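After the C-alpha cells below, expect a handful of questions from me.
Going by the order they are written in, the chains are A, B, C and D; count residues from 1 in each one.
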Amino acid sequence: MKRSWFAYPYSLWMVIFTIAPMIFVVYFALTDTSGALSLSNMAAVGQETYLKILWRSLYLALICTVICLLLGYPAAYFLASKDFNKNQTLFVLILLPMWMNFLLRTYAMMSLMENQGIINTLLKAMGLEPVRMIGTEGAVLVGMVYNFLPFMVLPVHTSLKKMDQRVIEAAEDLGANPAQVFRRVTLPLSMPGVISGVTMVFMPAVTTFAISRLLGSGNFMMFGDLIDKQFLELNNWHFGSSLSLIMMALIIISISLLNKADPKGEGSAI
Amino acid sequence: MIEDTHLIELKGVSRTFGTTQALKDINLYIRKREFVTLLGPSGCGKTTMLRIIGGFEYADEGQVLFEGKDIANVPPYKRRINTVFQKYALFTHLNVYDNIAFGLTLKKMPKDEIARRVGRMLRLVKMEGYEKRGVDSLSGGQQQRIAIARALVNEPEVLLLDEPLGALDLKLRREMQLELKSMQQQLGITFIYVTHDQEEALTMSDTVVVMNHGCIQQIGDPKRIYDEPKNAFVADFIGESNIISGVMIRDELCEMFGQEFPCVDEGFAPNEPVDIVVRPEDVMVVGEDVGQLTGEVASVIFKGVHYEMMIRTEAFAWKVHSTTMQPVGTRVGLTIVPFNIHIMHKAGGQ
Amino acid sequence: MRKTLRGVYLGLILFFLYSPIAVMIVLSFNASRSRAKWGGFTFDWYVRLTQRSDILQALWVTLTVAVIATVLATIIGTGAAIGIQAMKKRPASLILKVSYLPMTMPDIVTGVSLMLMFVFVNVPLGYWTMVMAHITFDTPYVLFSVLPKLRQTDSNLYEAALDLGCTPMQAVRKVILPEIMPGVITGALLSFTMSLDDFIISYFTSYTDKNLSMVIYSAARKGIEPSIYALSTIMFLVVLALLIVINKRGALENVS
Amino acid sequence: MKKNALVSILAILLACCVVMGCASALADSQKQRTLTVFNWFDYIDEDVIKMFEQETGIKVTYTNFTTNEEMFVKLEKSAGSYDVIFPSDYIIERMIKEDMLEELDMSKIPNAANLIDWCKSPDYDPEGKYSVAYMWGTVGILYDPDQVDGEIDSWGALFDPQYKYGVFMLDSIRDSFGVCLRYLGYSLNDHSEEALDAVKDLLIQQKNDNIVAGYLVDETKDKMVAGEAAMAVMWSGDAMYAIEENENLRYVIPKEGSNIWIDGMCVLKNSQHKDEAMEFINFLCRPDIAAMNQEYISYCSPIQQVVDGYDEEQLNQPALNPSAETMENCEFFHDITEFMELYESRWMEVRA
C-alpha cells in the first residue's frame, strides 16, 4: 500500500461529485428535451432578454467590486499599518460578518431600507423627506457591497501584512515620499491581494441570487435569479444548464486570466 | 582620508520599547568617510541605532545631528542617507534595473542619466548584464550586490548597512567584506555597518563601536579594541580570551590564584578587585619546571593554523593557542609576559 | 492625527457592517412587531422561536448535516492531503486544480450541477443529497488547511515510521496525524462553519429537507417576523464564538 | 491539552452521528409510519400537524413551495420524495393528464363529505376522484385607501402612472398574465399570440412608467400591512391576513372579472405512504381542523361547517365571501402547458 492511495477516496469523490456534475451541465446545455444534440439552448442565451440580464449582472457586479475595492482597500491598508496591526480584535470584527449567513445580513438590510423602515423612520423623525430605497438598483448594490466587502478586505489585508516592512522603508530610504511609496511599492506589491479580492467579490456578485429579490423587490433580475428561475420555476433545465455553462466559462476565463496576473497565487486567502 | 569633521553626532540618545530600554544615553560621533561598525550581540541596540540614523525610528531623548543640524523631523526620504537592509528588501515587482533606478526616477532625473548611473553601479557591483532579470531569480550574493547598488546609486553621504552579509555563506562573505571595504574607499563616503560578527568588524572598520544592553562598551580602532579591551564583555566578545577574577596589588603587579604576576597596567586603586584578560595566543607553553603555572593538557583540537588546547591548572582551565601540539595528559608549564596581561575594572563601569 | 483619521474611517466601515446587525439584535427584544417603534423589552420572540417547529426541524437538519459532512470531509480531505503529498508533481497538481473548482465555482453552478446529477440518476433530493453536496464543498477546505501543515513536516517522517516497523495505516495514525492535527482541526472548523452557513447549494440539492438558511429564505419572503431577528441574534453569537475559536488558532490567514 | 479537547469534541460529534444513524435505522425497522407533505409556504396551522402526529403516531415531514410551477418541477425531478401535495386546479388538471395522481379511496376520506357542493366536483376533476379541495379563493387588488384616490374597482388602477412605485405585482406567470388578460377583455386561459403580446406590452409599459414597486409573492402581504405601497395584486387569503393586521386595507375583485381557484389535496402515484396520505387528507377535512386552518391562513375553506360558522363581519368581507355575481364573473385557470412557452418568453421579456 502506497501513501498516495490515501488520496484515492478523495479522487473518487471529486470525480463523482465535482467532475461528473460539470459534465452533466455540459450535456444538458448541449441537448434539447428529446436528448438530441442541439445548440439551440446555447443560442437562446444570445437573445436580447437574456443578454440584458447578463449585462445587468456584470455591470452591477463590476460597480459592486469597484466600490468594495475603494472602501475595502483603505480599510485593509489601515488595519495592516503600524497604527492598527496590533489590534487583532478590530480585524476579526471586520471579517466577522463574512461568516454570517448572507440571508440574515440581507434581511437586516431589508428592514433598514424599506419605505417604512428604520432609515426612513429616522429621516422622517428628523423632518426630512423619506427616500425610496428598497426596490431600487441602489438598494441591490448596497446589499451586495454590504455582503461582499469583507471578502475584499481579507485578501488585501493578507497581502499587505505579508509585505516586508523593510521594503517600505527601503523605498522611503531611496527618497520616496509617502504617496510615492504607496503608488510605486505598496500598491504594486499588494496587487495579488487586490486580484484575489476582486475575484472573491466579483464572482459571487455576478451570480448572486436572492439579494436582488429581497432588496430589489424582484425588479432587477440577475443572472443567478435567472438560472434559479429556469430550473425551479420554468422547468427548462436545458436552458438553465446553458446559462450555467456560460457562467462556468466566464469564471474559468477570469480565473485563468487572474492566474496569469498572479502566477504564484500569493493573494489567495481562504 | 577620514576628515575630522563630525558628520553625524548622537547626543544622549535613548529609546525605549515598552519596558525594554533599547538605547541608553548614547553619545557618539561619526566622521566623514569613516567606516564605522556597530558591533554587539543581538538585542544590544545596534540596529535601533542604525534605524534612528536612517529615520525609521525616533529617539525618545537626545539629539541626532547631521552636519550639526538636528534631523529629528527630517523624514527618511529627505535624508542624504541610504540603507542596505538586512534581507535586502528588494522590490520583487521590479526587475534589477528598475530596482536600482528607483531612487533616481523619484528624483525625476533624465532617462539617459539614469541609464548611465545604473550602468556604472552595475559595473561597480559586477552585475552587468542582469538588468532585465527579476530579483527573485538572483542568488543571495547577487541580491546583496543589487541592494548595495540600489543604495549607492543615489550617491548618499552616508550608507547604512544592517547586517548585509548575514545571509551569505562564509566564503562569499569574506569576498564581499573586502569588496565593500574597497568600494567605500573608492567612493569616499561614510559607511555605518551593523554586525554581530566580530571578525567582520575587525576586518573592515576604521572604528568599531562595541555595544551591549543598549550601552556603548568601547569605541576604538580594531587593533585597540582587540588588544586593549576596556572590560570583560569586550574582551570576551572580541576574540577568545581567558578571563580571570583577580586583584590589582599595586601598579604593574596583579594577583591571580594567589600568585603574583607582573603586568604593565597602572592607575588602579591598591588591592582593587579586577578582571584579568589573557588572549589564548598569549599563553606560552613551556617546560613544566620553568612555567609560572603548571597544568595538564586536557584536550587538543586542531584548528588549521594552530592547536587549541585546554590546559587545566589547579584553579582554572586555560584556553591556549599554540602551533606546537602537546599530547593529552602531558604536564606543562605556562608563562604569560607582562605586556600580554590586560587588567580591567570589574564590569559595571564603562 | 493620522491614526485618529484612520480610526474614524475604520469606525465608519464597522458602523456600516454592524448597524444592520445591531438593529436586528435590538429588534429581537422589541415587544412591538413594528420595526419603526419600540414597544418595550421582551423575550417573547425567543420563546416563540422555540415553538416554531419548522425552525427547530431546520436547526436539527442544519446541525446534523454539518456534523456528518464535517466528519466525513475531514477524513476524506486529510487522507487526500497525505496522499497528494506523496504523489508525483503532475497528478498532484491535477487533483489540486480540480479541488479548486468547487471553491471557485459560484455556489449556484455547483448547486445546479449536483442537482442535475442527482436527478439524472434518480436520487430523491433530500437530506442525504444535501449531505453529499456539503461533503463535496467542505472537503477542499480541509485539504487546503492540512496541506500547508503537511508541507511543514519532515518529508522523511513517513518513511522513518515505516522503517521502524509501522504499517502504512499506523504510520499515518501514529506519526503523521499528530503532526498535522492543528491543520486538520482548522479544516474541520472551517467545514463546519461553511456547512452551517450554506444556503445556495443546499437550496438546489435538497427539496424536502430544509436547513436554517432555507427556512430563513422562506421567512424573509413571508415578511419580517421578529422571531427571525431572535434567530439571527443567536446565530450571530454562534458564529462569533466559532470564529473566536478559529482565530485563536490563527487559521484565518493560513488557509490558502 | 487543548488539542486533545478538540479531538475529543470531534470524536463525540462522530459518535453522535453514529447514534443518530442507528436511531433512524431503528425507527425504520420499527415501521414508524411517516408522511411527507408538500404544501404552499405558510399554508397550514403548524399546530394541526402536531395534532395529526399525536393522534395518529405518523411522523410528518412538512415542506413547502412558493409557486405551482416550482412544485411541479420538484415533483417531477425528485420522484418518490413526496406523498401529499397541494396543487392548484390547473396543475391538478395537468397531473391527471400526465397520470401522476393516485385515485383517492373515498372510503378512507369520509370527511370529504363535508365539502360545499360546488367544490365537490370541480371541472378540473369532474368526478372528484383525484383531489379533495383544501382552500379556495380569488385574485384581486388589496389597496390602502389612504394612498389611492377614491375606490378602486378596475384592474386599470394597476396601470395608472400616478401610483409611482405604488403597485406590487405577483411574481407568478399565470396570475400576472391572467390579471392583464381580464383587464384587456380576454379569457384567463387565452394563449393567442395577439392577446399575449398585448399583455406583454401592457406589463412593460407598466414597468417603464415606474408604477411597479416589485414582483414578489409571499412578501407582499407584510409589505402592504406596513404600508410599503398603495396596492398589490393579491390572493384573497393573503389579503384577508393583511386586513386582519391592518384594518385600513381593502380588498376588491375588479369589475373586469378575475380568477377563482381551488387548491386541492392529492396523493401522488409514486407515493410510498398512500394510506397515511389519505388519513392526512381526511384529517384536514375534519370541521374543527379546517376551522383552525381557515383561522390561521385566512383563505376560504370549502368545508360547509366552517362556512356556517362565519360571523357577520366575515360574511361581508369580499376576500372571504365574494358575492354570487362576482363569482359568476370569475374564471378558473386551465392547463395550457403546451402554450406555456409563449407565456414564459414574454414574461422573461417583462422581467429582464
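Brief remarks on what is shown
Methods note: a contact is a pair of C-beta atoms (placed from the backbone, for glycine too) under 8 Å apart; a residue touches a chain by one contact, two chains touch by 3 or more.
These figures come from a predicted structure and were not determined experimentally.
Shared contact partners of subunit B and subunit D, listed by label: A. The mean-CA centres of subunit A and subunit D are about 35 angstrom from one another, to the nearest whole unit.
The mean-CA centres of subunit A and subunit B are about 54 angstrom from one another, to the nearest whole unit. Chain centres here are Cα means. That of subunit C falls 34 Å from that of subunit D. Centre to centre, using the average C-alpha position, subunit A and subunit C are separated by 17 Å.
Shown for subunit C are the residues that touch two or more other chains, namely 115, 220, 224.
Not a single residue position of subunit B touches two or more of the other chains. Of all residues in subunit A, those that touch two or more other chains are 114, 116, 231-232. Two chains count as a pair here when they touch; such pairs are A-B, A-C, A-D, C-D.
Of all the residues in subunit B, the ones that touch subunit A in their complex are 54-56, 75-78, 81-83, 85-87, 89-94, 102-103, 106-107, 150-151, 154. Note for the complex: subunit A touches subunit D at residues 49-50, 52-53, 114-116, 132, 134-135, 213, 216-219, 221, 231-236. Within the complex, the subunit D residues that touch subunit C are 3, 6-7, 10, 13-14, 16-17, 20, 36, 38, 41-42, 46, 49-50, 61-64, 66, 74, 77-82, 216-219, 221-223, 225-226.
If you check the complex, the residues on subunit D that touch subunit A are 67, 69-70, 72-74, 76, 165, 168, 171, 207, 212-216, 223, 226-229, 344-345, 348-349, 351-352.
Only residues 2-3, 6-7, 9-10, 13-14, 16-21, 23-24, 27, 35-37, 76-77, 79-87, 91, 95, 98-102, 104-110, 112-117, 120, 132-133, 135-136, 139, 143, 158, 168, 172, 193, 197, 199-200, 204, 212-213, 216-217, 220, 224, 228, 231-232, 235-236, 239-240, 242-244, 247, 252-253, 255-256 of subunit C touch subunit A when the two sit together in their complex.
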